[in-house]
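Structures given as structure tokens follow.
Shared between the two complexes below is chain A, which pairs with chain B and chain C, respectively.
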Partner chain A sequence: MTIFEFALKRSFGNPTNLIFLSLFPLAAIFLPQSELWPALPYGYHYFGILLLFVAIRLTAILIEDRTSGIVKRLAVAPITHFSYLSQNLLAFACILVLQCTVVVAGGVLYGQELGQPLMLLVLYVSFAFTALAMAVAWVALYRSKEIAFLVYMTIIVLLSLLGGMLFPVEMIPEPLSRVIMVLPTYWLTDGMAWVTSGGDLLDFWLANGVLWLYTIIFLTLGSVRKIH
Partner chain B sequence: MSPVPYVQGWRFLQIVALIHLWIAGDARPSLFLLILLLLILVCLRWRFPLPPWTAALDIGAAALFMPFTPLAGYALALPIFELALAGRWLLALPLAAGLLLAQGDPAVGLWFFAASLFFGGFARVSLRNERLYQQEVDEQRKARQELERFRTELLAAGRASAHQAELMERYRIARQLHDHLGHDLTGASLALQAYDYVKEPEEAAKLLAEVRRRIERSTDSLRETVHNATPVARIGIERLEQVVQGYGELGLHFVKTGDMQRIQAYQWDLLESCLKEALTNVARHSNATEVRIELQTGEAIVRLLVQDNGTLPDTGQPGTGLKNLQLRARALGGSLSISRGQGVLLVCVIPLEERGEPDEAADRG
Partner chain C sequence: MRVLSTVPWTLRRMSRDYLVLLLLLGVPIVLLSLFSYLMGNAMAESGRLLFHDTAQQMIMSFQLFSGSVVMSYLYYDLFTEKRMRIFTLPFNKSLYAFSIMLCGTVYSLVLGVLLMTYAQLVLGVVWEHWVWMSYNLLLLSVVSSIVSLILMFSVRSFKTAERLTEIYGVGFIVLAGLFFPMPDNAVMNFLGSYGNPLTLSDGAVTAMANGEAGEAWLQANVLAAASLVLFPLMLLLGRRKMR
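This part shows the complex of A and B:
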């Protein structure tokens, strides 16, 4: 598990990452609640966006490895690409799950109104994995860390806008409201709506199921080994 | 171009078509699971070569959703394509027919399935052809490498036999000198030594006559040996000069520097071929009026430069003749290059054997 430990150390080694990984989630706990929309406190409603940013920040390490030639050296080392990728992803996933747990537990302790906190944690964890898989698939396309990050920021904004994270989905006109159902962020907001207002439990698991299926798809696409 | 991207593109296109149908239909969230399941299989096929039986997974997923939506019927286009791609298109036919009957409205679906079936078959043929071409190219490459190896071995064998022939010739001349010239000269020398001790004038005159006779015979023998050893056909620098004279109409300037004796027979052969090729090319393809030929023999290399003043533009890749010469030059550890600037410049460089190489010393014994 050397790669796993090293990935953890590298993730926390960068000052910007440290802010993303510790300061922002802590700040999210203390953000206030809106009167009308969203139903969850601001920090929790926008936590999905933070997860998307954190995931791309973490997976940038994979691009660094490619550009610095580490992947090339690993190809001749007695270690499989699967082992390299899985240990890295495990480290990133641990960080993200820890963040989700800290945020939800912090909210409960602070007294935020979270509906069903346990279900919210399950949803956040599902989305954390989806965000991680999306980021892995995204960085597989790029050679430069900066370009990958900048373009992905635009994607995050679009995903958040259309997925109903920045304004209610109900405001989106009819034909488009059907199209946005293909976005993972739609299923996160769908799940969050269930957490706050309740409803059929099957709907909640459907949202989680879709997120996990997306995780598998993006991981399959992102696991391709590229040696530049 | 490989047909693989088109096969992958077709699979993803089917998913996009399903998403379109889903959005255009009732867009029930639960049905999106079917599309995602199929998308996972498509992604897996993109990443790994899955066996044909995995089409059963697509069929299973579609069958699971069949009672709830007509979309699942259209989803069968994917396994039909996969079966056709694997050459099991006969299995795909009853599947398509049975499901069309179950759907009740065969009009659009029928053509959708037929397109999948045909493209699957077409992709199969294309992929097989690509594999065959690849095999053929590999075999040809292998044959070419084998040929190259043979050529190198042949050149080495030629070099060895030239060396052997030189040794034989040297031995023959040495034997001739020893057997005839040597005996006569030794006899003459002994006779001269005896002359000092002979008192009788008649005996002395006889001895002198014998010495003269032996020296004359030696001179004849030497002349004969030299005459026999001189080749009838011209070799070496003379041969090159002869080639140059053959192209008298071109305006040639031939300059040679260095010790020509150091160039071996097999090296002369390559130099002659290069010169002939260069001059033929000038005569056939160039408008040059002057050609400057330089043969420089240095300590370690011999260099042949052929520079013309042609002004016609470059016509592309060098011909087969030049390519062959390049290979031959490479096989001798040298190089042949052609550059175009002020006319065409051909440079052939061949490394020379070091003076007094160990094997040569050993040959001398």
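This part shows the complex of A and C:
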């Protein structure tokens, strides 16, 4: 588990990452509740966007490894690509799950109205894995860390806008409102609506199921080894 | 005067920087179109299109990031391996740095005006005062460039400076209350009104559209005064760093 350990150390070694990994989630706990929309407090409603950012920042390590030739050296070392990737991903996933837990637990202790906190945690964890898988698939396309990050930033804005994170989904007119069902963020907001207003339990698991489906698809796309 | 001959090249370099064009022109166009589609013809209480205010705020917000262009060009020319080549050229380096800053500001203004044109011609937003709005875009872009350069000159690593300018940009958008309302206390109210370049220029344009010329000039002048105060500081820090 050496790679796992180093992935953890490297993730926390960077000062910007430290802000993303510790300061922002803590700040999210204390953001106020809105009167009309969204139903969750702002920090929790926007937490999905933060997860998307954190995921792309964490997976930047994979690009670094590729550009600095570490992947090449690993290819001749007695270690499989599967073990390299899975240990890295395990480290990132641990960080993300820990973050979700801290945020939800903090909200419960602070007294935020979260509907069903346990279900919210399940949803966040599902989305965290989707975000991670998307980021892995994305960084597999790029050779430069900066460009990958900047272009992904625009994707995040579009995803969150169309997925109903910056805008109530109900305001989106008819033809588009069907198209956006293909976005992972749509299913996150769908799940969050269930957490606050309740309803058929099946709907909640459907949202989680779609998120996990995306996780598998993107992970498969992103796990191909590339040696430049 | 020799610096003048480099200006066309700087402008040409900037206009070929496809990543900047994507982020500061392509993305805003997509976002503006999307918002216009989503908001439709909803009216605000003031009797204007609801989208009008959003479009104005968005075009202004993107000016906050104009400083990053100036910063990266100055960094590559004066602080990387290019440094020695530039320093052997027979011209005044401070003046060259200043010319890059001016080019970056004008470039950012041009992008802003292009966005305004797009919003008017394609999305049907009618800007009341083109010149006044452009003037405010210019002020915002000047302040952003100066702030970015101050940040770059005052920290050691360029990466840190980049992150700080992002915090400056996103921070003031958040402080303006565009994502969610800020807490109601004296400090936050100041940072959401007269202490925030974004709300100052946005307020100036809105006030002029409402016929309150006095208030409009006041807000714009606060912004102009801020850049006048920050400029010598930037010069001081820059000279120290460039030596």
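Here is the rule we use: the second predicted complex is superposed on the first by the 228 of 228 C-alpha atoms of A that agree within 3 Å, B and C clash if a C-alpha of one lies under 4 Å from a C-alpha of the other, contacts with A are read in each partner's own complex, and residues count from 1 in each chain.
The criterion applied here is as follows: a residue touches a chain if its C-beta (ideal position, glycine included) is under 8 Å from a C-beta of that chain, and two chains touch if they have at least 3 such contacts.
These numbers were taken from a predicted model, which means no experiment stands behind them.
With the two structures aligned on chain A, chain B fits next to chain C without clashing. When the two complexes are overlaid on their common chain A, residue A:R178 makes contact with chain B while staying clear of chain C.
With chain A as vertex, the superposed Cα centres of chain B and chain C define an angle of 90 degrees, given in steps of 10.
Of the two partner chains placed by the overlay, neither chain B nor chain C lies in contact with A:L109.
The partner that reaches more residues of chain A, of the two candidates chain B and chain C, is C. In the superposition on chain A, A:Y214 makes contact with chain B only, not with chain C. In the superposition on chain A, contact of A:V76 is made with neither chain B nor chain C.
The gap separating chain B from chain C at its narrowest, counted between C-alpha atoms of the superposed chains, is 19 angstrom. Residues of chain A that touch chain B in their complex: 178-179, 181-182, 190, 203, 206, 209-210, 213-214, 216-217, 220-221, 223-224.
If you check the complex, the residues on chain C that touch chain A are 19, 22-23, 26-27, 30-31, 34, 37-38, 40, 159-160, 163, 179-181, 183. By the touch criterion given at the top, residues 15-16, 31-32, 34, 42, 46, 147, 150-151, 153-154, 157-158, 161-162, 166-167, 171-173, 176 of chain A touch chain C in their complex. Taken together, the chain B residues at the contact with chain A in this complex read 19, 23, 27, 29-30, 32-33, 36-37, 39-40, 43-44, 46-47.
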